[in-house]
Amino acid sequence: ATAAVKTKACLALDTGGVDDKSFNASSWAGAVKVKSSSISVEYLPAASSADFAGNIKKFVDNKCTIIIGVGFAISGAIIASAKANPTISYAVVDDGAYDCNADYSVCNPVANVKGLTFATQEAAFLAGYVAAGYSKTGIVATYGGAPYPTVTCFMSGYKQGVDYYNTVKKKSVKVLGWDGKNGEFIGDFQNTTKALATSKAFEQAGADVIMPVAGGLAAQTAQNSMTSKKSVTIWVDTDGYVSANQFKSVLLTSVMKGLGEAVGSVITDVSKGKFTNKSYVGTLANKGTKIATYHDLAKKVPSKIQNEVRAIAADIVAGKIKVSA
Amino acid sequence: MKNKQVVSALAKKRTRNLVIMAVLNVVSFILFAYLPGKSQNVTFNFVLGDEWVIIHSWIIGSKFGAYCFSGLAVVFLGVAFLRARQGKKLGASALAYALSIFIAFMCWAAAGAAISVTGLLQGGLFLAIPLVFGSLSGLICERSGVINIAIEGQLLAGAFAAGVVGSLTQNAWAGLLVAPLAGALISLLLATFAIKYAVDQVILGFVINVLVIGLTSFASQRVLTTDSATWNSSPIFSTIQIPVLSKIPLIGPIFFSQTIIVYMLYVIVAVIQLSLFKSKWGLRMRAVGELPVAAESVGIDVNKVRFRNVLIAGLVAGLGGAFFTVGSSGAFSRQMTAGMGFIALAALIFGKWTPLGAVAAALLFGFADQLRTVLSITGTPIPSEFMVMVPYIVTIIAVSGFVGKVRAPASDGIPYKRGGSH
Amino acid sequence: MNVKSIARKAILPSIAFALALFVGGLVIGLTDSRVLSKISSPISFIKIFASTVGNAYLALFQGAIFDPNLAEGHSFLTGFYPLSQTVVNAAPLMLCGLSVAIAFKAGLFNIGAQGQFILGAIGASYVGFHFKLPIVVHILIAIFAAIVLSALWGGFVGLLKAKTGAHEVIVTIMLNYIAANFLLWLLGTSAFLRPGRLDPLAPPIAESARLLRLFGQNYSVNVGIFISVFVAFLFWLLINRSTWGFKTRAVGANSSAAKTAGISVQKITVGTMLIAGGLSGLAGAIHVLGFQYELTADVAGSFGFDAITVALLGRGGPVGVVLASLLFAGLRVGGSTMQANVQVPVEIVLVIQALVVLFIAAPGLITRYLKIKNLESGQEMASKGWNG
Amino acid sequence: MSLELQGITKRFGGLVANDAIDFAVADGEIHAILGENGAGKSTLMNIVYGLLQPDAGTISVDGKELTIHSPLDSLAAGIGMVHQHFMLIPVFTVAENIVLGHEKTGLFGKLDLATAREEILRISQEFNFDVNPDAIVEDLPVGIQQRVEIIRALIYDAKVLILDEPTAVLTPQETDELLNNLKKLRESGRAIVFISHKLREVKAIADKITIIRRGKVVGMASPSSEQSELASLMVGREVDLKVDKEPAKIGREVLKVSHLTIQDHTGRTLVNNISFHVNAGEVLAIAGVQGNGQSEVAEAMLGLRDHVAGSVLVDEQEIIGKKVVDCLELGIAYVPESRELDGLISTFSIAENLILDTHTSAPYAKFGRYFPDAVKKVALERVAEFDIRAQSVADSASSLSGGNKQKVVLARELSRPVKLVIISQPTRGLDVGSIEFVHERIVTERNDGKAVLLFSTELDEVYALADRIAIMFKGEIIAIAEPTISREELGLFMAGVSSQKGVSA
């Protein structure tokens, strides 16, 4: 047996930084997890999208064996670099990484780039169903940080889940904050005051379940749920019960996005020499996205609902239920 | 030979405003009342908690309501017109007009939905709190003759200090205690450079903001996030229900079930309003802000007064900063003041450099912002990105002399040199 | 303006920069856990303190100018890749800096470079990806579109100020927020979406609209830097060798005397803000056409804000702005390397920038404590208070 | 109580404003300080009052030497001052202004104005001042504002009262009243320092006269001494303020103002429906106490004001509604009231200031290009012609002395081809040398057949230059008179008493 090939995994982060309590953070966490004697990991932050190309270039010069761009925004720079350096493996988080021609009539995967995307709407669908089933007031809510597809797909799946609940149960649970194309957005991922005011406003409008899709701002909503006791919160990206344990008493469930795992597995693939450019889509089926258990609130969620959710999950996996982004 | 009658700027402005009002009225008739297809019910709720008297929610047909209140607006417009004819101020009539138009607008915007009026006002106040603190800080500085663009920085510093100390001690009060000091520290910088070194105050304020944003963001990345359990998870103040008052319908839940910081705010507003015009402190503050050399000629040490007041302003803004962390969210996050310092500045100008004016303006901005939220969660056709712009647009309109030509204190921003020739 | 006078002008900024680096070093050192752990034993404390700060600034240098690691194996010159990045970022920064500076000449404080930059980027990129045009023509039209859009955006501020007296500081700050949200909305509209995609990411700029790169594809340095420096020269001409410049300086120095002399303060105010807007817009164009190649939500980065410190450090003059923009671009670019290599957050760059400007604005401070005589005062630039 | 100064010296950079000045005033005595503008009078008194710190010298009260760091010390020592530039906060009420610095506070630190009100009323009774304690100062005419300053000094019972050019803003009648009041105060045993450069008044009231020139005491004189004697002491050479001008050769009507009305932006009427005309070759002087609308009229002549109605014709051309630049084009030379604020750009070079309003025309400019060399060349000629004292035309205007600043403005305005010269307070703050120069210049323009509209609050100046005198009061022209009109009559007009003979408008 020959010594394992030394793998050097390098993450080019999106703006927002490694501590964004969101996709940058979980991608980096995933990389760190698989760190080993034969695998080294490092990252570069970006102050703005102007840094992307430069960061990737640094990695190329530093002889990285796999370069992972985090966020759809960096995709272009990754593809450009990949075509210039065919010997290096690349991956992009939250983007299919297709190389299109001028008028986007033909788009092809690039030989050495793997796209990592997530059908989070599928898990969000389940969360929506749970929320609808849990809600006493018949009103549930969601809001986003900014109207990015990676944000809105959560909200969209959530709404579809509620609508599905309404059709099967002949109920009319209302969703605030997302009507299918428009919704409530804070405008950034910093303004805690506004996030808090928004959460309060949702409660005053009668919502008793709120799903914030706004990175760090989610803490404000959970915080508010704790103080007001008028609502519960659905966490996203990670299992809030673990990552934000101080709020455990008000976390109904979490819509988990397997970013870390995906990033980790790409890196291990490379170290095992099994890297392919076959793009990865995290789904309920491959557990790339899922909802967390109800933890402390388990007894508050009717077991009937819990079972139905399992069934629906199966249907989505089987393709009986289609969930659009 | 011609001899046209002069029209003063005031008269011009009045006629202009009347025209605008009339146009708005037509718009409200057409857009809010006539155009909408079928009429849906609008529900206005006034109850939030367990007030004594439960005001029944008020349900009205959207089209009907829009017609009624647009009509009512016409009446007030008439009154305003008559007053203008007599060269009187539009004052109350304009206010009543605006209110009617607003209700007509709400009937249209919230058609088929339920609006919690109390909640709307409560939320508005909530968003206004940092603005009020900020604008009062600006007021004290500028009435003393020092322009304060650094409000943002003062708020941010206060938020940071309160968050960290509150977290380290696991005691919100400790945080509340240091926040003003942090604000004052920033003021110390402002005062030293503005008064001692006579640096251009607008530039100075801007640069101080950059400095504070840099320092707090740096520290929060390098220290807070490394171990947020110790450094960045402060307990927060719980709301205090004032025994009797908090049960008053409408008023109670809005004003009397708040955190200690808000109650402090009430006191501060009252104190500043009174003392600005009725105390030695206020008299001297205004004197050094208007004609410092005259103040000096009666033995007042102008720069000492200015220096002290700038520090006091820092205390006020710093306290306001505490609202962001120990007052609401518990944890500090980068640039969490999100430009509120600048809106506070606009509120100060909009409020014509008077405490009550600034407070009113701040409340208006807060209200506009909350209204945005409330409407967009009940669902409006307007894209959210535009809804987000609302407070900024309101601010621009506000400072565009819409409230009449505002005059800053005469020596605002002009450094004072002893024995300088006048 | 001869070499000697420039040299004399440079004394104060240099000292200020050195001081800023020093204070920045303190901040870096005293927030480092490893350093603090040694607080008990002075000697080792000093040692580790020095090494920490030293490494940080070394990384800064490597990220901004020259990195030996890149050179090894290749030619010596390849080690200057970071410098090329600095230059690329300096170009738009320079133009934004000039935008702020020209406003200062007329006594206006233009905090709106950020928003104007965004409008320019929008115009340039739309023309850049939407139309099919021959090279050069395409570039010219794209730049033209950028300048028109941003000039109007900036001119609006001037108009408000002239007609209603709305203070430019407040208005430009608000317009920055509005521009950012407008861009976000735009990126969601079909006109700016990539076919079959939903991300807020406009289609890439057509090859025909991209600015020529100077040292091949590996180095993104492009003609943008020449354009910027040339514009700096035009700036000097406009201010010192044109009647418009004379009027501008007059209004900036004493508007009531200017008015009495028959100069229309309103016209100058509006005109200056038009030009200022156009300059920032040109910056946006050069950034997307020469480097970014696509319109993103944060396309403006922090160019517009850094520009203000650039203008202040550059003392409002073209030469100063050119040099200052290179310096701050270097800090920015080096900053992210510093964060990557030694985990010192890039925000320290903001601190250094602010400190430099503070020390410059208060020459009294330096002259007093460093006993340096006959410095050029740092106060060429003054904005007008609310009543002005 | 007596005040004594010894060897007071004060330097402003290179300029010695006070040079080892000795001065003393005893109680029950009025001691006048006579000196032309810029002699150092205010500087000296500001030192006594603590607003400026002397570089050398001692101040002693009742023989006790005391160090005065700030007005606090002087006030404590019983020194009160009525300043040349009033030290009143415009937006404060009279009472607020009086208590400022000596505030008494009641419950919860509430400001106590009541006692101040009583005091104010008491004193204005005593001197029949009729001052309303609750009036806002900026609404009061300057005469009353001055009384407020006197009241303030008296309330903090000043034993030594300093008045710095108190009569500059008063009508002759008001001046007489003031002088009488000062006599009263003298009776009450106060020591009074009376500063002026108006010989008549000084002779009328002073017990002793000290004359200073260029910061030095050049001698003492008794009130009985001849005016000419005082004048030559003051100026340092023989002077006669008579400008010899041949009778006017009246030409066509150049300026015709009819029914001119001006309001401020709040709609307050500042100038009310006035009409007058100026012919080529004559000087029409508009006299009046400052603040009666003259400044507004002057500005309106150049289109500098909004909210103007009526008609202003220059050679049959309406200028109301015209842009400033077009008015200048029409051939109007305009010398503003304040050279510092409106006449010059202090940071600009002297050369640039010399072409402020002609910078777009040849040879300075062509197709928008600007040629500094041409500017410099022309500047050198102007400096020679108007004998402007400056090291270099590249120096900034701020480096110039008052008189030379004024010369720069004149040089700029009078070097253009103009038919109408509008000139406000042309000699304010100038020394006699400059005054003579400026007056001669004005007369030359008149003789060249230009129409000259002169705004002046200095009666001497008006009499010296005017061919006709229009008197403004409260925004109206209440009379247009011949220069033969007596001071008394003129004074009554300035005080608004129009019920009398004289060519009423």
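First chain written, first letter: the chains are A, B, C and D, and each begins at residue 1.
FYI, a residue touches a chain if its C-beta (ideal position, glycine included) is under 8 Å from a C-beta of that chain, and two chains touch if they have at least 3 such contacts.
Everything numeric here is computed off the predicted structure, so don't read it as measured data.
Using CA-based centroids throughout, the chain positioned farthest away from chain B is D.
Highest inter-chain contact count (C-beta pairs) belongs to B-C. If each chain is reduced to the average of its C-alpha atoms, the one that sits nearest the average of all protein C-alpha atoms is B.
Chain A and chain C have Cα centroids lying 35 Å from one another. The mean-CA centres of chain B and chain D are about 45 angstrom from one another, to the nearest whole unit. As a whole-number value, the distance joining the C-alpha centres of chain B and chain C reads 31 Å. For chain A, residues that reach two or more other chains under the stated contact definition are 147, 187. Contact with two or more other chains is made by residues 181, 184, 188 of chain C.
Listed by label, the pairs of touching chains are A-B, A-C, B-C, B-D, C-D. Across the complex, chain A meets chain C through its residues 15, 42-51, 53-55, 57-58, 61-62, 72-73, 75-76, 84, 95, 100, 102-104, 107, 146-150, 152, 187, 325.
Only residues 46, 49-53, 70-72, 75, 81, 83, 85-92, 96-97, 99-103, 105, 109-111, 258-259, 261-268, 306-311 of chain D touch chain B when the two sit together in their complex. Only residues 240-247, 249-250, 253-254, 256-264 of chain C touch chain D when the two sit together in their complex. Note for the complex: chain B touches chain C at residues 142, 147, 149, 193, 196-204, 206-208, 210-211, 213-215, 217-219, 221-223, 226, 339, 342, 345-346, 349, 383, 385-386, 388-389, 392-393, 395-396, 399-402, 405-408, 410, 412-414. Partner chain A is touched in their complex by these residues of chain B: 48, 114, 116, 118-120, 122-123, 126-127, 130, 221, 225, 233, 236, 238-239, 324, 328-331, 333-336, 338, 340, 369-370, 373-374, 376-379, 381, 383-385, 388.
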